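One structure below.
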Amino acid sequence: MEDVLVRVIDKPQLKDPVLVEGLPGVGNVGKLAADYLRDQVKAVPLASVYSKFLPPQVYVSEEGIIRLVSQELTYRRATKAGERDLIILGGDYQGISPEGQYELTHQVLAFCAGLGVREVYTLAGFAQGHVVEQPKVLGAATSAARVEAMKKFGVVFSRNDPGGGLIGASGLFLGLGRTFQMEGVCLMGETSGYFVDPRSAEAVLKVLTQVLGLSIDFSDLEAKAKEIDRIAQKIHDAEQRPSESSRETPREDLGYIG
Amino acid sequence: MEDVLVRVIDKPQLKDPVLVEGLPGVGNVGKLAADYLRDQVKAVPLASVYSKFLPPQVYVSEEGIIRLVSQELTYRRATKAGERDLIILGGDYQGISPEGQYELTHQVLAFCAGLGVREVYTLAGFAQGHVVEQPKVLGAATSAARVEAMKKFGVVFSRNDPGGGLIGASGLFLGLGRTFQMEGVCLMGETSGYFVDPRSAEAVLKVLTQVLGLSIDFSDLEAKAKEIDRIAQKIHDAEQRPSESSRETPREDLGYIG
Amino acid sequence: MEDVLVRVIDKPQLKDPVLVEGLPGVGNVGKLAADYLRDQVKAVPLASVYSKFLPPQVYVSEEGIIRLVSQELTYRRATKAGERDLIILGGDYQGISPEGQYELTHQVLAFCAGLGVREVYTLAGFAQGHVVEQPKVLGAATSAARVEAMKKFGVVFSRNDPGGGLIGASGLFLGLGRTFQMEGVCLMGETSGYFVDPRSAEAVLKVLTQVLGLSIDFSDLEAKAKEIDRIAQKIHDAEQRPSESSRETPREDLGYIG
Amino acid sequence: MEDVLVRVIDKPQLKDPVLVEGLPGVGNVGKLAADYLRDQVKAVPLASVYSKFLPPQVYVSEEGIIRLVSQELTYRRATKAGERDLIILGGDYQGISPEGQYELTHQVLAFCAGLGVREVYTLAGFAQGHVVEQPKVLGAATSAARVEAMKKFGVVFSRNDPGGGLIGASGLFLGLGRTFQMEGVCLMGETSGYFVDPRSAEAVLKVLTQVLGLSIDFSDLEAKAKEIDRIAQKIHDAEQRPSESSRETPREDLGYIG
């Protein structure tokens, strides 16, 4: 079989579309943000990406129906002046090997280049190792001009962070994007790195929507963030009372959000 | 060499054949069921599948004759009204890497598509982590219509199981089968997950044979199930008497069944 | 680069040549035997096999000259009636992944098939887990006729050994050899599995040379075997006197033989 | 995507150029030496090498600008009689799998062969496991003539070192270079193996520049070596005073040099 199978669902003519990438990763920040954006702007299916570089796995819905793991491209046309045509990449997994990361990223970029994409925004979490009450959004970009442009939206470019660079899809979409003459920016929401973080996703999305001139409703994402806060507080409380039954510690609930 | 080598043994004309997959996995349920079905319906060799994605290994028979590890396709024509032409896939191993799983599954499906297969049944075990006296058969399918159809045969579609989806060949044959326009069902027999489980295989086969309108004799499989029960009981008894010699604990016998 | 690079050194016309394989493995028995046979019959270079499925490594000679790790094919024509033209495969490593094992074996077999090889003898060690004073030679073969033929040379075909089959090149050359219409035999010398074993290699070679109608001098191999015995005895003695300085324990010397 | 992507930046006509390789490895000796040479002779960009066999990673500069990890080829023409045209290979990583090592090395060699390279010098560290005050330079070469030539420059060819051969790019560039009819030498600076070692890099470069008839200034490299000495001394002192605060131990500083 082909290493990467891009199954085209729709063939729209798009006008200078921008690609927004948000795959699972640190704090699931990128995926939470991309999926939320997709739902809020009512993006519609563009293509499904299957690959031998994803796990050999199907998910089963509550109704018992299987679905092969994939990355999913959706799109949404600009609805008014100031907006841009959007392509959004979400999915179940990043590629599960270094080679797979490269191959998947390359093929998705090649497909998007064919649709006219010249600009990429990648969304990710930046693990701080401690709880962050007010997550800042860190940035990295393909050019000095883009760095300056992002600073105006409050994006922080730190001399030291991220020190070791970016590993995974969010960096690779920018790095390989250069081989397609694409420019781009990575927006990284600060997060503890210990659980899924809708608040960090919200911080990232607030920057992105300003940059793209979009206006969306954040109330569902805020509700998710509060639910996580509540669960985290319960865990914290439970850990303060070690003598009680562990039955009350709802740690597993954290995996459900997302 | 080719990644996957399908060595064709016979070239039958089949009429709307259904593919039944049962490879090694949890409790060896799928393989036990598929091999038993093959023997009972006297399916004959169709093709051998060799691959660099299987271990570099040969088995040696009691007579000293080697055999390269493989997956084996057999077939059996309908013998009366209400039956279907069958293709059965068994084998020594699933692919030994994620990439290998995809490649082997794709190639077997491509071969079967060439023979007219449009429907796939995959057989597997579902590990419950505890002994199951009366194993239920859980299901997952490619469409709501198939889910409903299977419920009539007593297949259980649980809202929560399998929670993480299906990993391995049984899921992948359905997921990749969709790219060949095949519909399908996965039948999962409940099992402890601790040893090979002919009783779970029997539960799965009882559903499958009803669905396919086949009538087979289950007595050999029941005999195997009783032998496992007997061994499990001996182990249990031995563990209740820790002071005795471990020499009597026939734990290794369990690997022999199957 | 090509996955496997067969660099041809000589292009002899050979008459019904037999391939003898002996690569590193258990007790290094196969490699010791194949290299000794090559030296005794004065086989000359036929081809070097380089591959990305071997380690990225060069060896450095005592003179400081590098050599890329490889597998080496040599050949030797029959010198009198009753002998056969020989191709001998030795080398530094087996393939370092399952896929690499398949690919290397396939390519070497394809090259040998082009030279007319229809028969393969693979040489290996069989780990018994304890010291074996008089190593027997166990066998496995591609047909019942070959099993019978080998029994006449004292080869033991055990109902239970090797129980899990053969893993690695010695099995794969027979298994994949079948896809080239080659017949073959694996000769396995019993060995402890704890160190290199020239005595086991000698046992294997004595069978092989009888089968192939060759007459060679075993005195160098016997000298090596005695040297191993001497070192093993010293280790054994040293372990009986734990109070002495470990400086005297020449365990590392064992790696040198071979 | 292609396994290895050589993005050509300049297309110079070079006259019998020599390739100098120095990638990350033991003590980072090879990379330190190659990068220092590049800076001192003011080599200019020739080609960037990207590959799925490098990590899926981008680095971020202090200004926030991303750069995909790569290997970098630079070149510098001879500036006077006695000098040679130079091609220098540096980079962020060696290939991250055995297969990747072979593929990257092969492709870089193929590109360099196209530019007329027939001679390769590889630079590396040789881990001694203890601090080496006056590092010697060990050698390995593709021919006896080159061994003799190198001895005149003080290169040590030891009967026993390196015992297990050379693993990684420095060996492979010579080993695979032979398949391109290239001759070559590996120069290995003795180093402890515990931290980056500019002093060892200097020893290697002093030999290399003499061999190539180059004259460069070593003062910056010596300054780096002294900085490492100073840090190593501080660590040593701190470890002699275990009762003090660990806050003063600047072990992490060591990673910064390089």
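For clarity, chains are labelled A, B, C and D in written order, and residue numbers in each chain start from 1.
In this section, contacts are C-beta pairs under 8 Å (C-beta built on N, C-alpha and C of every residue); 3 or more make two chains touch, one makes a residue touch a chain.
This one's a predicted model, so the numbers in the text were calculated from it and none came from an experiment.
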Between copies chain A and chain B, are the contact residues mostly the same numbers or mostly different, with half as the line? different
Of all the other chains, whose mean CA position lies farthest from chain A? C
Note: chain D sits from chain B at a C-alpha centroid distance in Å of 54
With centres defined as the mean C-alpha position, give me the chain B-chain C separation in Å. 38
Sites on chain A at which at least two other chains make contact: none
Which chain pairs here would you call touching? A-B, A-D, B-C, C-D
In the complex, go through chain B and note every residue touching chain C. 1, 5, 7, 50-60, 62-69, 96
Under the touch definition given earlier, write down the residues of chain A that touch chain D in their complex. 95, 98-99, 101-103, 105-107, 139-144, 147, 157-159, 162, 165-169, 171-172, 174-176, 178-179, 186
